[in-house]
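All chains are identified by letter, namely A, B, C and D, in their written order; residue positions are counted from 1 within each chain.
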Amino acid sequence: MLEFVDTAAEAVSRITDGATVLIGGFGNAGQPMELIDALMESGATGLTVVNNNAGQADAGLALLIKERRVAKIICSFPRQSDSWHFDEAYRAGEIELELVPQGNLAERMRAAGAGIGGFFSPTGYGTQLAEGKEVREIDGKHYVLESPIRGDFALIKAYAADPYGNLVYRKTARNFGPVMATAAAHTIVQVDEVLDDPLNPEHVVTPGIYVDTVVGIPTESGVKERAEREALAAGKPKPCMATKTAAELAAEK
Amino acid sequence: MSEMTEQTTETAGAQAFRSTDAPLTQDELARVIADDIAPGSFVNLGIGQPTTVSNYLSPEKKVTLHTENGMLGFGPEATGDQVDEDLINAGKIPVTELPGASYFHHADSFAMMRGGHLDVCVLGAYQVSATGDLANWSTGKPGAIPAVGGAMDLAIGAKDTYVMMDLFTKKGDRKLLAECTFPLTGVGCVSRIYSDKAVLLLDPSGVVTVRELHGITFEELQEKHPDVRFEKAGA
Amino acid sequence: MSEMTEQTTETAGAQAFRSTDAPLTQDELARVIADDIAPGSFVNLGIGQPTTVSNYLSPEKKVTLHTENGMLGFGPEATGDQVDEDLINAGKIPVTELPGASYFHHADSFAMMRGGHLDVCVLGAYQVSATGDLANWSTGKPGAIPAVGGAMDLAIGAKDTYVMMDLFTKKGDRKLLAECTFPLTGVGCVSRIYSDKAVLLLDPSGVVTVRELHGITFEELQEKHPDVRFEKAGA
Amino acid sequence: MLEFVDTAAEAVSRITDGATVLIGGFGNAGQPMELIDALMESGATGLTVVNNNAGQADAGLALLIKERRVAKIICSFPRQSDSWHFDEAYRAGEIELELVPQGNLAERMRAAGAGIGGFFSPTGYGTQLAEGKEVREIDGKHYVLESPIRGDFALIKAYAADPYGNLVYRKTARNFGPVMATAAAHTIVQVDEVLDDPLNPEHVVTPGIYVDTVVGIPTESGVKERAEREALAAGKPKPCMATKTAAELAAEK
């Protein structure tokens, strides 16, 4: 049953030890930072986390890893210049890593959400990451059999939710959110705006059927969105529009 | 879109062999690649050096850039008020939006790539084999923390995967090999190497067609790569 | 959504056995099914008789209807100015839009179904087996032109698949069998049969739990289905 | 290269004998009727057609079948009350039929567009339609291996195209369009509106990368869309909105 809650703490309160948690975001875009912080506060441990990365600097997922609350991480790119907490846990053998090419990561969650038992992906064929996996040649091309990744929970950030739980996202912050929402048994969403009116049915990106818990938490995304709407209302271009192409800018230099 | 692109690519590929005395600068190399990209193409430029190719894609060419984190039609790096945390490229750098852009989720974005809808992907490389195997995600160093990101998806996704790299490492080691010694990113996926010293067309046969040489002679190239068979383009 | 729904369904399923003297009318049957659908559920009602269930889903229950041609949240059949060729249900009948609706494409729509996101699907049937096999797409008549539509996807997609049918054909033939004789739509997919004469809970074990009887006694039911083992609910 | 053409005849002119043509639509919604008529006029024959149905009455796809221009049809529901031309061709053994459950049909095209070599679907397991196909038990559930369906061409109807070939659809007329656009080597689209300005990047359903040929052809969809916009501009609800639920209507009777 769809629920709207008031705090991030309430939103993550069902997450228990040992749960598999899909966490959205690519870089800061679409990262449900306040939900991750609440998960940290909740004390849940022994988690399996699915995220594109393995935490950065001293915040969010990195802190969960620092505190050894993540038993296993499934991700595409754990090693970053500021992934020191993961690096340390990994080198100490205190976190299990399943490294998955980014597109397979997305498609494996999509398969879970779509009821697909497995699929043949060309990505990773002939590489270390396909070792031990079933391979098959189909119409002269080589594929690796990949399995679904399901979550007990998904923590995602969308831009807005309507009263029916329908979601829209903002720019490249959309990234993993819509896929993770379909792949988890219980999807928890933080949004900048909780709307009073239904979204335009043509514009809904994640239908409410995939959404269980919604919490409104204003972030920088809302600030940028309002600036964009103001600009448009004033007949000006959106602030994020390029004024010139890279080639034009390079030519000027 | 395929017909036009492939035809133009063919034409570009069929260029007769040419050579100059000096190696190409990085900017010159970026321009060579940009010139080979057909008008109207959809292109993914890998993180780092490949990004500079966009500096030479004239607006008239109407090339659309794809970033695997869910966008077609992004513009140059954002500055000042343009900067928006929700609008970044695969290198996590804030970028801008161009007219005609579209946003989509990660599964759709990689489906676009894996499904062969992008015309060209330009990537960096540690090593490339004569048959087009690519190694660009790991040097296989023991104890290193592995990280692959979208490299394996990018390698096999586009209609053409170009590698942009120096032909030799700073230490002078070869990067074009009969077989890669570093862990592979993809098998037989690279169709061209654009390097400071040579533009090379690869083929499953392993015979490497040399389209351009810059600051290296055909004989020197052959001598440095005794286990690779080269042929001059148009010869 | 799963926890709440499953719990409520359990409760409904655990009702003790009851019986009445007269068979249910189609409207009464539709109401029984509607009453068993938990508030907030997402439901797909098959073409024909199952559609009538919507007449008994009170707005307060906030049940959302799915149509596999790409929509959640459709309303009753459209009339007059409401009619729009671009807004139809899976039966190709013009319908209306309710607040909170959303549109999506066919692959997303069937992914929603196949992925088990719908709580309940109500379908008609030619035959159902005691273990929940469903036959509702073909009578296997030689020379007939086969057509399956979304039947097989619907059968296996929802968390619960209910069959709404008469317990016997007009000729008096059984529709609940130990094994279906018509070509299958899905294996072990039906969890309940809602019929004019009986509400039956199915299980992979093949033991059929009888929740309600209407115009038929337990003994008559058993006698008509000698190869099926029945048990009274709550007994 | 994206092209905008003036007539349906031009739009379908590349389609040659023996081509596999994906044709959108579910019922009349999203059916590219004018493109199908042009394909009929073009004379192309020996076609393999992928469509949810196999033509209705005496129009569109039904006429192509009547004229024996379709060698094979891949569909989910050929038999309808008015599918007499298909029925006759099928009974005469003059058309090959591959019957595919509707969801597998959509997913097989999605796989083609997404570069997936094959996938395990639970749909159809244990039925006649899975006979001869590889089956596998995964985590206690049974699946059938399904293969991609690729098209040489897709003929679809969208509602509007912007100058970059980005598409939006209208209500349930979206159906197979977005999937077929990804699964065909060359996608031909008829739209009610060819726009001068770019679509909102957040609202694009089919990005221009999937679109090759666009032709503007006004249909009833445009009439309905304009009526809807007028209603909204006048502060009225959209004409297609339900005023009551089925239960409320039934209660009144």
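Here, a residue touches a chain if its C-beta (ideal position, glycine included) is under 8 Å from a C-beta of that chain, and two chains touch if they have at least 3 such contacts.
All of these numbers come straight from a predicted model, not from anything done at the bench.
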Other chains in touch with both chain A and chain B: D
Longest centre-to-centre distance from chain A, chain (CA-based): C
For chain B and chain D, what's the span in angstrom between their mean Cα positions? 35
Quick one: report the Å distance separating chain A from chain D, using the average Cα coordinate of each chain. 31
Could you give the separation in Å between the centres of chain B and chain C, each centre being the mean of its C-alpha atoms? 54
Junction residues of chain A - those touching two or more other chains: 107, 110, 114-116, 121-122, 169-171, 201-202
Which positions in chain B are in touch with at least two other chains? 71, 97, 99, 103-104, 110-111, 113-114, 157
Please list, in label order, each pair of chains that touches. A-B, A-C, A-D, B-D, C-D
Per the contact definition, I'd like the list of chain A residues that touch chain B in the complex. 26-30, 76-80, 83, 86-87, 90-91, 97, 99-104, 106-107, 109-110, 121-129, 142, 169-179, 205, 220-221, 224, 238-242, 244-250
Complex contacts: residues of chain B adjacent to chain A: 54-59, 67-71, 75-76, 78, 81-82, 84-89, 92, 96-99, 103-107, 109-111, 113-114, 133, 138, 143-153, 156-157, 183-187
Which of the residues in chain A end up touching chain D in this complex? 107, 111, 114-122, 136, 138-139, 141, 143, 147, 168-171, 201-203
Can you list the chain B residues touching chain D in their complex? 1-2, 4-5, 39-40, 42, 64, 66, 71-73, 97, 99-104, 110-118, 157
What part of chain D is in contact with chain B in the complex they form? 1-2, 110, 112-116, 162-164, 166, 182, 185-186, 198-199, 201-202, 204, 207-210, 212
